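In the two assemblies presented below, chain A is common to both, partnered first by chain B and then by chain C.
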Partner chain A sequence: MTVIVVQQAINGVVVGSLYVLVALGLTLIYGVLVQINFAHADFVTIGAFAAYFLMHLIGANYLASIAVALLVGGLCGFLINAAVFTPLRSSRSELLPLIATIGVSVMLQNVMLAWLGPIPYAFETPYSNQVIRIAGIFLTWQSVIIIAVATTTIALLYAFMKFTFLGKAVRAVSQDRETAGLMGINANHLIMLTFVIASALAGMAGAMLAPVLVLTPFAGTSVIVKAFAIVIIGGFGNVEGTILAGLLVGLIESFTTQYLDPGLIDIVVFGLLLLMLAIKPTGLISERREENV
Partner chain B sequence: MSIRFHLLLALASAVSVVAATSSAAQAEDKTIKIGALLPISGPGAYFGTQDKQGVELALEELNKTGVNGYKFVIHYEDSSCAPLPATQAAKRLLEQFTPDVVIGEECSDATLAVMPLIEQAKVPLINAGSSSIKVTDPGNPWTFRIMPNEVMQGVNIAENAYNRLNARTAVLLFENTNAGIGNAKVFNETFTKLGGKILAEIGFGRDVNDFTAIATRVAGLGKIDIIPTYTLEGQGLKITQALAQTGVTKGGGGSAIQLGTIWLPFGFEQKAGNAALGYIRIVQFDPTDPRPLVRDFTSAFKAKYNADPTHINAHAYDQIMLIADVVKRGGKDAQSIRDMLAATKTFSGVTGSVEFDKNNQNDKMDTVHYMETKPDMTWTSLKWN
Partner chain C sequence: MSESAAPLPPALVAGSTWSRRMSLLLAVLAIAILPLLLRDAYWRTNLIICAINVLLALGLDFILGYTGQLNLGHSAFYGLGAYASTLLVTQLGVPFWLAFIGGVALAGLAGTLLSLFAVRLRGHYLAIASLGFAVITYQILVNWIALTQGPLGIYGIKPPPPIVIGSVTLVDFHNLASFFYLVAGFALVAYLLLRQLVHSPIGEALTAIREDEVSAASLGINAAVWKVFAFGLGATIAGIAGAFYACFVGTLVPDAFSITESFSILSMVIVGGTGTLIGPVFGAILLTLLPEILRAIGDLRLVVYGASLTLVVLFMPGGLAQAVYLLRSRLGFRSRGGAAR
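What follows is the complex of A and B.
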């Protein structure tokens, strides 16, 4: 019994770490732009395919493919932000950028569908089938990499936000864009930086998720709904809350599967979301909006 | 006289022009319009892609000479393996293309959703991929299914598992759809009646990506002989790999054998890798079948697509060939095609034979072929049926 509880806890942390990586990008963008990015799911998919092709066509190492997926995600974020979202921000409309993110999402999905086809790709890494067994507990090396990369990324992101000038500037823009501008901070550059970081995180999450996901042009959409739920449970724009909520959702999934039924996962997760909205709409970790990110 | 003669000549010319025009129009009209509702996007898109290949090959062969003076035209709609897009696609197909006959869908939920619309339009529907019993039970005069339904498959798999594999314990894994739940239920009933024990029934949604938690739960259930699994290819791959990682199945050094259905395409083993070792599943087409019909189909398919045909290619090919058979017997419009389909007795296709019972269900079991994955990830035909 204890073995199963520990095993499911590990399973939950692994899945939760993946969710955190996807959700962090969403929460960063919301924190700075107060904007929901529906195309985030497709940056996850693009990252997954970038890693897939790098490994299967060029024969690159999986860890190198994660780094490349991060760069590809960041580049996509830069291009889409420059081409679509920056021009729309001058309209001062909240609705236009939101609709644009949906448009970009549909467009990217269909471009990938036309190019890559609808049949699932099998993404195997050398680490997926290398299993470590200790006292009845099993863990693949893939899971170890996921936890290690997610922990490192979260730590680096946290350090960047808290201790670097750029990170502080991003936080300043998220708190009050106009005042930050008066202090000499170029808000547009920092919005671009946030978008690139968030998209890079999505691309990297894609490379980590690819061996787990059913890899098709729609792969990212299968996790994005949960990522949105995590962002809401954790508190929109709140990094610490997102991390906590991501791990919580991962654990809920594992233990619902073990003790209830996998068919009930969405009921439990989204039930929690509704509960949070009803009793604590600011999320798990309450902060004033000004202090987010 | 001369004027009369010229008038008669002019009249005769006019009549002959009208007759010629009419006959040309008739020749143009001598086409059978086939509507295809296939999942071309979404999680079941591999069905649609492979169906299309089989359909195109059959049409290419048939349209070289035609059948009883008829040529065949087809129009595809993406029904996405789900009820809502399927009904929208069916409406477009029926209103804009006005087909004489429709083939599809692959997924039971989608097929069940379009059946009332197609019945209302009085157009026959030939189905080759949906296993839910509800497709032909209690029976719909306009729907015909050429593959065995979930009861026929489920009973057959459970009996073979119990008698040939000596399986006594099972865990059922299935997606929460009509077909998934229905197939699992039939297996459960038959296996239990034979004396077997179901240790757990685990259903899941199509949005589940990581199956490690499910595999962990399965691993904690004690000794398992077989794991019948009802899911589409994408999730099927992940389940097989997760079960191997937990050491439950043969692919992971355990003893349990995963049993699968015709939902999985050929090539599944190569994608799943070593995890698929020992996987036994049924397919509708056996490429090692020595019948000349199968050999000809296989070589024609290889020549056209430079690949071996899958059972999905094969059942799509048979759907079109069955329509051609019906046209050969006098079918020319929706009503007569329906009537001729119902009277089908001796059709022999590349997947097997077809004879419909009173519910328009093909009652032949020679379309069910068992295959087992070998250590080199190729497969061998078990010749159980």
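What follows is the complex of A and C.
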């Protein structure tokens, strides 16, 4: 009994830490721009496919493929900011960029569908089958790598935001773009930097999520749904809240699978999100400005 | 969408009474003649799908274009109307039109409840909440197999019963032309009703809310009430579309009501031009027929939808309505009596 609970908790933390990477990207962008990139989760899919083809066509090392997925994700972020968010900045609209990126997401998914087909790809890494057993609990090397990479990345990101000049500048832009501009900070460059970092996290998460996901061109849809739930529960723009909420959603997912039914995951997660919105919608919004990290 | 959609001059939104009557006459004529011109089943089917999509686009446009609420859950109301009206007939043996009303009422009720719940939310938060509602509804349709048969689907749904007087069958809805007249008739009534609403004091209140909720409140407009009203009415119209869809196609599977469907309807509204009623009508027709015409290239329906959504937002945020207006003013045409708003 306890073994199962501990086992599921570990699985939940492993998946949850990847959701954290995806949701952190959304939250960072929301912090500097108060905008949502709906195609964010499709960068997860693109990262996953990039890693898949790198490993299967060239025979690249899995860890190297994760690094490439990170670069591919960053490139996607650069492109979407240049093509959609920068041109729409002058409209000062809250909803137009969201609507435009919904279009990008639909387009990306269906172009991938035409190209790659609807049949799920089996993404296997050499580490999935190497199991460590501690006191009845199984841990694959894959999980160890995920937790190590995710923790390192989150720690580096945290240090970057807290201690480097660029990170402080990003936070300054989040808090007050105009004042930051008066201090000689080029907001456009920092917004671009934020997009590249955020999307690189998504691409990298894709390469590590791929073995868990059903890897089809539509994989991003289920991920974006959970990422939204995480940023709402954690508070948009709030980094610590996002980390906690991401792990929580990972745990909910693994326990729902164990004790209820895998088909109910989205219902439980989004039910929690709606509950959260019902209890403290304004609380989340008012927290945003104070707690940008 | 307060600052977003390019505000269109009143001349485009409302013509003179005379030109309004002319365009109504043209619309009635077009609806009457089209199924007679297009006699094969393929094109008549497309006509019916057009009419259903017009209903969906009108409902969403009323919510998004007139109160600025980005509703990403339209597919859910569409699906609720379809499943509820069908299940009332197949599970409880309710007569068709009563089940129709039941399905439509459930969709409207769901929209009203979601809106009541979400009325404090705005912008992105409402978009995500409505998306959540759509995902939950879809998952329930997939997972409540005892009721909905899940992904296996419900088959053999019958069209509306024929209209019979004595022993003479006046209208048989197995006939595609009759079915088209039925749905297009509803779409026309919905359009006229919404137009009446938009040009009434209610419409002015809604527009005031869209432009600036705080100023509207200072004028004594209860924004919450009208936002809920618009949301409920838009969802009701989506329910009508759903009930017709079910008995037209004859088969229901949850995938017809996934969030992708919400995005398709959003494309029609944006491409046509939010905040005008006539724009989304043409947006729905264009985006229904265009992929059929392009079918030779392959099944690119959703690629077309996605691309047009993005490109229109980037280059012509007022959609077709704005394009037509720009074209007309460039050619020197001006509507008379344009200030009828």
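Throughout what follows, the second predicted complex is superposed on the first by the 268 of 293 C-alpha atoms of A that agree within 3 Å, B and C clash if a C-alpha of one lies under 4 Å from a C-alpha of the other, contacts with A are read in each partner's own complex, and residues count from 1 in each chain.
Simple rule for what comes next: a contact is a pair of C-beta atoms (placed from the backbone, for glycine too) under 8 Å apart; a residue touches a chain by one contact, two chains touch by 3 or more.
Because the structure is predicted, anything quoted here is derived from the model rather than measured.
In the three-chain model built by superposing on chain A, chain B clashes with chain C. By the document's definition of touching, both partners, chain B and chain C, reach A:261. When both complexes are overlaid on chain A, the residue A:140 reaches chain B alone and has no touch with chain C.
Of the two partner chains, neither chain B nor chain C is touched by A:175. In the superposed pair of complexes, A:86 makes contact with neither chain B nor chain C. Once the two complexes are laid over each other on the shared chain, residue contacts for A:131 go to chain B alone; chain C is not touched. Looking at the shared chain after the overlay, A:94 reaches chain C, while chain B stays out of its contact range. In the superposition on chain A, contact of A:188 is made with neither chain B nor chain C. Of the two partner chains, chain B is the only one touched by A:118; chain C is not. In summary, superposing the two complexes on chain A brings one listed stretch of chain C into steric overlap with chain B, and the stretch in question is 151-159; the others among 61-69, 97-105, 115-123 or 151-159 show no clashing C-alpha atoms.
Common to the chain B and chain C interfaces on chain A are residues 225, 261, 263, 266. Against chain A, the residues of chain B that register as touching in their complex are 40-43, 45-46, 48-49, 176, 202-205, 207-210, 212-214, 216-217, 220, 233-235, 237-238, 241, 244-247, 252, 271-275. Across the complex, chain A meets chain B through its residues 4, 7-8, 11-12, 14-15, 18, 113, 117-120, 122, 124, 128-129, 131, 133, 138, 140, 143, 209, 212-216, 218, 222-223, 225, 253-254, 257-258, 261-263, 265-266. Of all residues in chain C, those touching chain A in their complex are 1-4, 68, 70, 72, 117-118, 120-121, 123-125, 127-129, 131-133, 135-136, 139-140, 142-143, 259-260, 263, 266-267, 270, 298-300, 302-303, 305-311, 313-314, 317.
Residues 36, 84, 87-88, 91-96, 98-111, 114, 221, 225, 228-229, 232, 236, 261, 263-264, 266-267, 270-271, 273-274, 277-278, 281-282, 284-285 of chain A are the ones that touch chain C when the two sit in their complex.
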